[in-house]
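Look at the two complexes coming up: chain A is in both, with chain B in one and chain C in the other.
Moving on to the complex of A and B:
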């Protein structure tokens, strides 16, 4: 099957700044991919390159097998919900819901109306008068109801309360399993969405630093905790991403844990627990030294 | 990883007409913006003028005001405003919804041409109607800017004016959408320099007379016909500028 997105050496420079730097990756069709990274890491630029909104300085990107720039044949299958999408001044919610369906072949009006209710909006509300979170909700509604073969949510939850965010995740997952499509979700609320994600693409300073299935990432590292002595003995010579000391106890995040390693740890009387995706990525994009970077990359490659 | 069968994504684009109408419909979704408000404001200005002319007529014992009122010029300027706002506000949205820049521009071009045709027909018709009621007997020549023009000449003249304003608006909006405030500074500064330059050259070469003569010979419709050159340049500029623009939501 043709991947939904395929990038080779994709680079976008703004003057001396490389917003996206030599990115090579593929996004399989009908997956939910998390595009994760810090502020200014290049998430938005990358998504804009994918949808032909931005022009690449170097390298190439293919969307459903074709270059996306000005290509109606593939762009018609995309819906890009921007983090702070602006709407025409005189638009009410109903205008968005009436204007959008013409763009999307799979648009579902009933679904859109359900979502409007779920997010406690009414069609008559003027968009200018809405709160930040409510405006985000409109983007979420359009993105979900569009059922576009490639739907991109760029930080879709800004200002959304916890209940609304959960509603978004639940709806996305439910609708996705009924109507499979490719979803790219950029976010820094990593743990919140980690249950949704099948694949993680982590970008830092413009470079793709992790490109791996979430399952694999999770199993690539583990926390090992127990008495300081036992932990120290176990982690000696291993790649330790992070450690926390509490009294006589140590909890260490160890990269590259095989099944045998886990068994060893348990035999040594240590507790082996999962590492949150967020922890892993925080370490990777802020904390890891260069050597451990390589180790984790090898572990997740 | 992919276990569910994807509906195969169609590899051909929808027909161009469909894509263009999609863009037009987006901008017309709220019909108040491009049709409702301008007509209501125009109607309001008209009624206001009618009241004032009525007062003058009463106060002066029926000696009616003479000459063109000019109030219809509102719709000319407002066409520019509409082009600027519509492009600035719907371009990023349409691209987010998967439209290409080209389709967006074609759709917007067709939309504003049709709007101009509609407004021109309306104004020409109202102008003829004004004649029929003898300007309400108070001399209010609001729509009828050229009493010796036929309906068709009025229509054509208005259409050319509206196209001119729409294309200037489109070009201005494109500069803003692509280069934001910096673009505006350079654009307006550049425009002033060009205009002053032209004035300087005309004065230097002592050609103002020739310019006047040109307009006199061309006549109103002839001059407006020449405006098509500027309209075309504006539209082409808008097209070329927006083709390389990246939508932003700021």
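Moving on to the complex of A and C:
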């Protein structure tokens, strides 16, 4: 099967800065992928490259097997909702909804109207008069109702409250189940979306640092804690993403822990605990205190 | 659903528990993949993986075009399997904690006998 997105050595440089640096990955069709990373890590640039809004400095990207730049056939099947999605101020909501079918072949008017009601908007409202959160809701509605084979949400919920975000997640999941499509969701709210994601793509300083199924990440990483001596003995030779020291105790996040490793750790008298996707990513992209250990004395000095 | 273990395993265990408790009877139809996904707010691929695990272990079986059902004899097999792991899952940690607190095996046995929790 042709992947929805296929990138090879994809690079975008702005002068000396490589916003996206030699990214090679594929996104399988009909999956929900989380594109995760810190501010300025290169998420938005990567999405703009994928949707043909930027020219790559080097490397290539293909959507459903074809290059996206100036390619109407491909872009008709793509919906990109950007963080600061703008619509003309003098528009009313209905103008946005009436224009959408011209851009998206799979647009569903009925679904869009349901969503408008769910987000407590009315078709007559003027864009200019909407709050930040309501404007974000319009982006979410367009993204969902487009039913585009490739739908990309870049931090779609600036200003959206918790209820509206939950409505977005529930609607996305329900509609995706019935109408499978490829969804890329870029977000900082990793804990909120981790159970929706099938695959995680983590970018840090322009480079892809994690490209793995979420269930695999969830089952592989673990924290081991116990006396410094016992933990040190256990983690020797293992990949440690993070460690913390408190007096004579150490808590370490170990990247790959099989069932057998977990049993070994317990036998050695160590406590084995879970690592959330968010914690794992924070630790892999933290940039500080990943290799050094901070003692309580140092921290409070 | 929590982060301690893969979500698909947690889903599979939840369904197993319902079968053991009897809230899901043998030959009864279980919800669809999409219903599980919506209810637990998890990715449908994850729900599918959990269900597939139960089909592979013959706890559930598929009827083409109709749905998924609890297999005949699933409850008995699940109880047998849980009995096998009961020692490792419950007795061993119980003993370890008792030892750490200085509770002797006799005292422990006594506590179990006197415990009236239904």
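Keep in mind that, in the parts below, the second predicted complex is superposed on the first by the 248 of 301 C-alpha atoms of A that agree within 3 Å, B and C clash if a C-alpha of one lies under 4 Å from a C-alpha of the other, contacts with A are read in each partner's own complex, and residues count from 1 in each chain.
Keep this in mind: a contact is a pair of C-beta atoms (placed from the backbone, for glycine too) under 8 Å apart; a residue touches a chain by one contact, two chains touch by 3 or more.
What you are looking at is a predicted structure, and each value in this text was computed from that prediction instead of being measured.
Under the clash rule set out above, the superposition-derived model of chain A with chain B and chain C shows the two partners fitting side by side. In the superposition on chain A, contact of A:173 is made with chain C only, not with chain B. In the superposition on chain A, A:14 contacts neither chain B nor chain C. By the document's definition of touching, both partners, chain B and chain C, reach A:31.
In the superposition on chain A, A:198 makes contact with both chain B and chain C.
Using the contact criterion defined above for the overlaid structures, shared-chain residue A:218 touches chain C, although it does not reach chain B. Within the superposed three-chain arrangement, the count of touched residues of chain A is higher for B, of the candidates chain B and chain C.
In the superposed pair of complexes, A:277 makes contact with chain C only, with no contact to chain B. With chain A used as the common frame, chain B approaches chain C to a shortest CA-CA distance of 7 Å. In the superposition on chain A, the residues of chain A touched by chain B in one structure and by chain C in the other are 31, 177, 198. Across the complex, chain A meets chain C through its residues 31-32, 169-170, 173-174, 176-178, 194-198, 214-215, 218-219, 273-277.
On chain C, the positions that touch chain A within their shared complex are 1-8, 33-34, 37-38, 40-46, 49. On the side of chain B, the complex with chain A involves touching residues 1-2, 4-7, 9-14, 19, 21-22, 25-26, 29-30, 32-33, 85-86, 89-90, 92-103, 243-244, 246-247, 249-250.
The touching residues of chain A, when paired with chain B in their complex, are 1, 28-31, 48, 51-55, 64-66, 70-92, 95-96, 98-100, 102-105, 146, 148-149, 177, 180-181, 198-199, 213.
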